[in-house]
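In the two complexes below, chain A is the common chain; its partner is chain B in one and chain C in the other.
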Partner chain A sequence: MSKLPDLKQYITEEFIPDGNNDHLADDLDLIASGVIDSLGVLKLVAFIENTYDITLEPEEIDPENLKSIDAVSKLVESRGISLA
Partner chain B sequence: MQPKIKICGIKTVEEVTLLDDLDVSYAGVWHGVPQGKHNLDINQLVTLSTQPTRHLKFILVTMQHDMKLIANAVEKGCIEGIQLHGFHLPSLVGKIKSTFGEALKIYKVVHVKESKCVEDDLIDRYLDSGADVIILDSYQDTQNIGSTGISIEPEFVDDFLQKRNMAEKVMLAGGMEAHSMQRMVKKHPLYGFDIDSAARENGLIDANKVRELVSFMGE
Partner chain C sequence: MKIDLAHSFIEPMAANQPNVIAVKMKDNQLSYQGLNQRSAEIATQVAQFVKTSETCVGMFIEKSIDAVVAIYGILRSGSVYVPMDIKNPVERLRHIIKQCEIDTLVTTPNNVSKLDEALGERASQTNLIVINDDASLTLIPASSPIPLEKKGFRVENQNLATVLYTSGSTGVPKGVMLTHNCLTRFCDWSVDYFKLTAEDKCISHAPLHFDLSIFDIFAAHRAGATTVLVPDGMSGNPRYLTKLIATESITVWQSVPSVLVLLLKYGAIENYQYPNLRQVLFAGEKLSTENAKKLATHFSNATLHNIYGSTETNNSFVFSFPASLGDDIPDPLPIGKAYSYVDYMIVTLEGEPAGIGEEGELYVKTPTLMRGYRNNKAYLYESDARYGYFKTNDIVKQLPDGNVQFCARADDVLKSNGYRINVTEIDTVLQSHDVIREVGTFAVPDDEIGNRLIAYICADEDTLSMLELKTYCAKHLPHYAVPHEFEITSEPLPKTSSGKVNKQQLKKMRQEKHVEIT
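Our next item is the complex of A and B:
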């Protein structure tokens, strides 16, 4: 079970045309696997900021922090937001 | 200060000489633009950007996100700046600035579609990361980014520039032509214009068109 159900639902609805998220493991590299492209990463940033009401620092807006559900989870939790 | 003109997609030594003779500020050379109609390989990029010029400087235009490829092109070419034309992240802008310092200007393109800027929330962070100039360009979809010949609605540009009060750091791109440029210059102290289609006739750089664009900026 993902710690970020909203995020998983968002990625499924926004980037997976057939809506099948069976392969969407929390540690799947979304960029390398082609689930999201560079425009998708920008959309993901906007989703994170709007959903969790945070403003990311420029250096935080980096593929390493955005490449998987796990990575995003760590990024959000580093701001003191509990996702458990 | 007179707005600068950049002509994008230069591919030949003859075009370099022509633009230099016509007092154009910048030539955009494409590298790392997959399927790009003006894309150059690294040898072509080096050949063009090392041509002796009086005033003309070169800007590397790229869609690449790979820092190694970007660094290779910057180090081998003789370029004044890099134009990040894709959906790049602020962290990459910061890495380029920290690697090359102020000697390399960073031009970050932001994309406008249907009067909405995709990266609107990130513009301040691009600037904070080291972007020197923001280029407003139109786009249709991820397969049609740059040199689309499609104009951004003037009302959007007016609102954007008035809201942000940073016209001196903004270049306009996307379907620019002489009269629309002149109209913008009268209203906003823009950094400049990024031009492709308006400088061409049948796909080739046209001296008369370029001359007209340059002369309009001086009026």
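Our next item is the complex of A and C:
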């Protein structure tokens, strides 16, 4: 079963207080668009680690890997977890 | 006599210790010899376009070894380095380029297109010196250059070395002009006080357009030490940072306090030992005593330094204590005593000198004081009697033990995540949005980031989504000034008797709402 909806739901609940995620595209740059800030990135890391039961290496916690739903999916899949 | 400039030591240092590493980032490093050679190459290119002893040359580069090379190259060409945050909104970049009359920039290939956008019409008049991946340089000269009238000049230490942009009280960023003398006095004192040597490995956490970087680059290099750069993308990654301190055997750390709090909270700080870390400097905002005590348990061989200053004055007070002080670390942490070359006075609201324990505004007189703000003469000297003293807008008090204690800010400027923010600037940006009728931005204290920014907005709720609002802010404000919370209401906001948005009332409204939730 796809776990990707979890991620989208988490981002909406945590960072978009009015819950309106109509324009939350999978490739939207969450950092450049101001949706999440640096502390938000750390919260996102904690969510990813708990949800997918992985520990990210310090080098992996790079905004490039966490800046969009697509990027996070790629990161999680690189750990051998299938999201499809 | 040889004039002492911010970069004068480069050549002798390269001769004395050619193979010592001057700057390192990830797996790349550059020796003092390499820094000397590469910065000389840039200087040769830049020098073609330098008109006077204070020509400003822009830097549009992410934090990197190349950026450090560019700083020295620009200074060695006899010009002034103006570092820009490549993540800044285009309007802000344009403001800097225009105000500093920049027609020469140092950049890297991946930044050229964004730079072109920021330059707009000026692109055809601008010379670009591009540092390629293989360290070679490509010159892209202006297609229609502004005629260059070159005069002979010699850079003195009263000439400008850099212009650093910081949040202004009117909401428009202000360019703080610092001379070579500002930098060398501060660096000499720092090398002496923190006993920096060629054995040291100093972290460079702050961005290069931030005043903390003066210590990380110039003070460290003046001592012949190695500067270890934290790449832009990793500065908010506490696990990376704790690992870096441990694996690189960092000896000197400097950052804003909120980063240290991140290390404690999210950095898995207990995973490593830090026996080599001997100096921990934090500046820019308050660190709680509770967090200072926690840091002291991990950084047990270090001396900790609570530093007070501003971009305008550079640092002027420090409170230093060994980690071994443990439970005896004072609460709250004072800002300590003035640097040896700093004079100060504390003035009450009535304009009288404040007594011991009495609150008043801090005025600072220091040789490291800026020359002024770019294109703005009226920057200091509230009255003749205080001539030469900088009005800090900080309320402090003198303690009986000789230390000074910070109490509060006297204006709308505040710190969040260590960044100086003016809420007026946020109000102005939000007010410019088509459907927003009224706005009131304020801050509430936050344990992790110092201050949390909250914007109350009056607009028709269904016309404005939160996502759109955040995106709008991110486009027009620096990333650190994007409010953390928005409250949208269709009701008019409360007003003061003078008709302004009543922010005190808004604070109260938010407090009540939070009580309801919890």
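Here, the second predicted complex is superposed on the first by the 81 of 84 C-alpha atoms of A that agree within 3 Å, B and C clash if a C-alpha of one lies under 4 Å from a C-alpha of the other, contacts with A are read in each partner's own complex, and residues count from 1 in each chain.
Quick note on the criterion: contacts are C-beta pairs under 8 Å (C-beta built on N, C-alpha and C of every residue); 3 or more make two chains touch, one makes a residue touch a chain.
Source: prediction; values computed, not measured.
A.B. asks: For A:L42, is the partner it touches chain B (first), chain C (second), both, or none of the two (neither)?
C.D. replies: Touch status of A:L42: both partners.
A.B. asks: Now for A:D62: first (chain B), second (chain C), both, or neither, which partner does it touch?
C.D. replies: Touch partners of A:D62: chain B and chain C.
A.B. asks: Which touches a greater number of chain A residues, chain B or chain C?
C.D. replies: C
A.B. asks: By the touch definition at the top of the document, which applies to A:N21: first (chain B), second (chain C), both, or neither?
C.D. replies: A:N21: touches chain C, not chain B.
A.B. asks: So, A:G34: does it touch chain B (first), chain C (second), both, or neither?
C.D. replies: second
A.B. asks: Pick out the shared contact residues on chain A: the ones touching chain B in one complex and chain C in the other.
C.D. replies: 37-39, 41-42, 45-46, 56, 58-59, 61-63
A.B. asks: Touching residues of chain A toward chain B in the complex: what are they?
C.D. replies: 37-39, 41-42, 45-46, 49, 56-63
A.B. asks: Along chain C, where are the residues that touch chain A in the complex?
C.D. replies: Within the complex, chain C touches chain A at residues 87, 233-240, 242-243, 262, 266, 417, 448-449, 465-468, 470-471, 473-474, 479-480, 482, 484-486, 488.
A.B. asks: Per the contact definition, I'd like the list of chain B residues that touch chain A in the complex.
C.D. replies: Interface residues on chain B, with respect to chain A: 65, 86-94, 118-119, 121-122, 125-126, 128-129, 142.
A.B. asks: With touch defined as at the start, can you tell me which chain A residues reach chain C in the complex?
C.D. replies: 16-18, 20-24, 31-35, 37-39, 41-42, 45-46, 56, 58-59, 61-64
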